[in-house]
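Two complexes are shown next, each including chain A; its partner changes from chain B in the first to chain C in the second.
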Partner chain A sequence: MSFLDADFWIGVGVTAGVYAIFALGLQLNVGFTGLINLGQAGFMAIGAYAMGMLVVDAGWPLLLALPAAILVAIVAGALVGLPTLRLRADYFGIVTIAFSEIVRYALQNAAFTGGNQGVLGFDGGWREFQAWASNELSPIGLGGTIQLPLLIAVWATLLICLAALTILQRSPWGRVLKAIREDEDAAAALGKNVFAFKLQSLGIAAALAAVAGFFLALNVTYLYPSEFDPSFTFFGYAALILGGFASYGGVVAGAIILCALTEGLRFLDLPLSSSQSGSLRFIIVGLVLIILAMFRPQGLLGSKAEMQLRS
Partner chain B sequence: MKPKTTNASEPILALETVGKRFGGLRAVEGASFAVATGSITALIGPNGAGKTTVFDLISGYERPDTGAIRFEGRRIDGLASHSIAKGGVVRTFQLTRVFAAMSVRDNMLIGAQRQAGESLPRLVFGPKSVKRAEEAAQARADALMRAFALDRKADDYAGSLSGGQRKLLEFARALMTEPRLVLLDEPMAGVNRALGASLLDEVERLRREQGMTFLFIEHDIDIVMRRADYVIAMAEGAVIAEGPPALIRRDPRVIDAYLGRKGAVA
Partner chain C sequence: MERRFPFLTANARVAVRLTLVLILVAIVLAVARGPVAVGQTTLNGLVAAGYFSLGAVGLTLVFGSLRIINFAHGDLLTLGAYVTLGISAIGLPFWPAAALAIAATAGIALVLDRIVWEPMRRKRASTLQLFLVAIGLAMVIRYTIQFFAGSQPRSVGQDVLSAIVVGPFHLGALQGLALIVGVAAATLVGLGLAFTPFGKKIRALADDVALAEVSGVDTRRMIRLVWLVAGGLAALAGVLYAAAVGSVNPNFGFLILLSLFTAAVLGGIGNAYGALAGGLIVGLAQEWSTLFFNARWKPVVGFAILIVMLLVMPRGIFGSGRARS
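Then we have the complex of A and B:
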């Protein structure tokens, strides 16, 4: 495989788009509401599995299963948020990571989720569409790359989410979230129902996680529990830190760079075993983050002035 | 909580044998007092007397263990702090709490109540009402920022303001909520005298022109004497005296507790 292989980079683009959608939700929680959500992978698992099981077990068409699964993820967000959003920020973080692990272990062990065998066969509708789209793209010479329709779908969705969140953030609603991030007691003293706003923030993040989960599932074509382990959430945080706190554009940039870096480093031709070179790739990613923290602590698109005001 | 028509003789705020413990510490014990509608009432007392705890109890940050708190005749103890604020009671904090990484203007706009744009459904389905509410809030914020000489700082981060300017911002932001009762926790602390005097002038003007009621915690006895028309003195969690300033400064219990047995107040 050559460095300029189109299919390879289309795959990287799909992965980057999935991480970007996933991390937009993290940014809404962490960067704009001050909620340390460490359970984003759990919401992604719930959304993706809900979609897969509605199609495979309940026989729903994919197009109907997608919005239903988003609703399931939002309900999951509310159920996690109701008892925990009154906790202090650090306790909330601990509870959400525990939640995401509970979800993963439940998926591994429950009979109705297929356990470690996972869920297969939910993407028939998508593959028909993909074949049709590839056919349509062939007159302009883009028919040969099978994942191209997925790339277009992921990035179109990502751009819509990015635009919607940016508009929301400029609204009075977004302003209240920011005030809660800055000082929730002062926000409450000004008549803002802090709990209700946090719940909405978490619900939207869970919905974004579900959407990311759909594309992840369509990309790998089947669902299994270990796709959703907490390292996915931490990778999302890495994209957030790289791109910059409280910047939606930043997480998209962060996700692209991070995915291009981890995947592109596969082309390093070193006399190492595959597990060694795999580890080396993550060492390099870690170094990049450390260097960034030293020279640009606010991230690529974060605001240095805001960061200094917060400390 | 809907506003209720009150006659001036009815107290706007009443505490009835309110008590609050933190572990073994009795922060407030059997405190009872009333704040007259349209008054500027001072709450005084030595450190640890329980003044800030009383503010926390009124504004819903803490729940009293015993007793009742009434605002315009309705019980507000047990309500969430945001509901109390929506109902017309707003507080400021002893250590100012501005939203540091937000502009001065955005700080002000957070004070606006009934903002359609703070509701997700109305953002989507009622963009006109959102725009109207936002414009009205902007106009109010602009007027208040001018009144407090913050208009030239409107686009600066609140975190870049001086201590005195933050105090002004916090007060102006509280007024954005269109309150009927304002609780000010040491409004003069860390503010230079000229700025402090103009802040208190504004308090008197709002009382005169809008009938707003103020309850403020203050350590400077001269300011209390000149600005308050009623004084409540606390010590060790209990109300030890209340009355007009001239009487309070001669009250032996107050002199004893508050002034550390140094003799009469100068």
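Then we have the complex of A and C:
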């Protein structure tokens, strides 16, 4: 394959955008609220499956299913958060990862989710739109690349989320979150309802995970449980720490670097089987996590002064 | 109960009560579902308890003494199992190969402490940093195994078909061995922790590092020992899993990691006896659950217990784990 293959890089761009949206939610939780959320893939699964099942089983139009599925993910975030947000940081991490594994097992084994066969046929509305958009793009010479409309949609959504989160972070609401991250008791002493703020942080992260899940589903065209295993969350953390702790722009940069790094491997022409190069991608992500957490925990664009987490 | 067993320590009293409760549950289940089904699932539960208990001991010791929630611990189980299969592929019998694999995994755990965890201690790394390093290590170990061994399941390649049949109960020959080795090893670990000087020091360290240090425990040396014990027992647990299930894949350690967490939290995190007991509860609970639900839901039982315990009884049934940092 040529290094200049447009379809390949559009695919990388879509994947990077999905990871960026996903990890924006992690950044809100970890970087700005001090919540070590390891269950983000679970929220993504809930959002994506809610969308898929509303369209396929309930016959909703896709455009209506998207906001409804975001709502479902937010409710899931609240249900997970209500009993667990008072736990200490490390227990919260374990409980959230257990939650995401329960979601995955449920999707695999429950009667209503299609099990390991997955969910198909939710993207008819999107395919029509994509065909129309490709047609509109062809006069300017961009009609040949099928996934281009998806790339544009992902990155437009990402930029909107990025702008919204940046504005939120500069608001009084965002400052309270940072106060909670740095000293929960002090924030509470100032009359802030720490629990409610944490719950909102988790709910927004769950909504972002759901949005990332939509694009993941549209990209691969079907939903199956193993897409949503905890590795996805760990990739998100790698993007986060690569870009920078407590920096939304950093998350986007981190997602791009991570995807370019793992996808660009195929240009090295290593004498490996496809299973081996798949494994190598995970080994690289693992090494990124270890090395950055050891030597530059604030990431490439983050600042060390922001690294004050509650113990 | 305190008055009835005045000669027992607090831990032992809980253990006695736990045994009574488990027997009671078994009797209730036997009435509801028939003694044969309950006997068979109890037998299967005891086989599983072997690897859950031994896996959880290392997890809890590492957390107690180093405050590390070691997400890579499950992958040490996988490593132990794969090294065993690798060595036995060269021609060594299964159990001698397992002994070598246990030594190798213990050594790797020690090396990882040198190059990763020890620098993190010196930097006084945050909870988040420790999480990320552990997750990264987990991925590196698992996918290095997968890189060389492939992702497809590997049969243990032993005699997995012959079975021991006693009356209505049956157990695979290799499973039977796993049961015997698991019970023997768990008993030895328990006795070793209780009576050897090493065991006492390790427990002191896992209970309170500062207190252990002022009491004259050479903490640096004991931390190395903790990693050796944790790595070695993890490998043994992985071998027992392989023997009990008959085949392994590179993901199995990570998949049962949450059940190991469950066992550690049940026993009170940092309490090594607690982890042994917690593994017994998880093993029995998962197998008994098959009396009511499809066996596919077994792992979910472990996760559910984990969540409930952390929410309701974060200090564990022995009441010694710390709910707060």
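In the analysis below, the second predicted complex is superposed on the first by the 286 of 311 C-alpha atoms of A that agree within 3 Å, B and C clash if a C-alpha of one lies under 4 Å from a C-alpha of the other, contacts with A are read in each partner's own complex, and residues count from 1 in each chain.
Just so it is clear, contacts are C-beta pairs under 8 Å (C-beta built on N, C-alpha and C of every residue); 3 or more make two chains touch, one makes a residue touch a chain.
The shown structure was predicted, so the numbers you read here are calculated from the model rather than taken from an experiment.
Looking at the shared chain after the overlay, A:V30 reaches chain C, while chain B stays out of its contact range.
After overlaying the two complexes on the shared chain, residue contacts for A:T84 are found with chain C alone; chain B is out of touch.
By the document's definition of touching, of the two partners only chain B reaches A:P172; chain C does not. Legend: residue contacts after superposition of the two complexes on their common chain; A:G191 is shown touching chain B, with no touch to chain C.
Note on chain A: of its two partners chain C and chain B, the one contacting more of its residues is C. Of the two partner chains placed around the shared chain by superposition, chain B is the only one that A:D183 touches, whereas chain C remains out of contact. Overlap of the chain B and chain C contact sets on chain A: residues 309.
Contact residues on chain C toward chain A in their complex (touch as defined above): 69, 116, 119-120, 123, 125-129, 131-133, 135-140, 142-144, 146-147, 150-151, 258, 261, 265, 294, 296-297, 299-300, 303-304, 306-307, 310-311, 314, 323-325. Only residues 59, 61, 80-82, 85-86, 90-91, 93, 97-102, 106-107, 109-113, 115-120, 123, 130, 133-134, 137, 157, 159-160, 173-174, 176-177 of chain B touch chain A when the two sit together in their complex. Contact residues on chain A toward chain B in their complex (touch as defined above): 168, 171-173, 175-176, 178-179, 182-183, 185-194, 200, 303, 305-306, 309-310. Remark: chain A residues 30, 36, 38, 83-84, 87-91, 93-95, 97-99, 101-102, 105-106, 108-109, 231, 234, 237-238, 241, 275-276, 279-280, 282-283, 285-290, 292-294, 297, 307, 309, 311 touch chain C in the complex.
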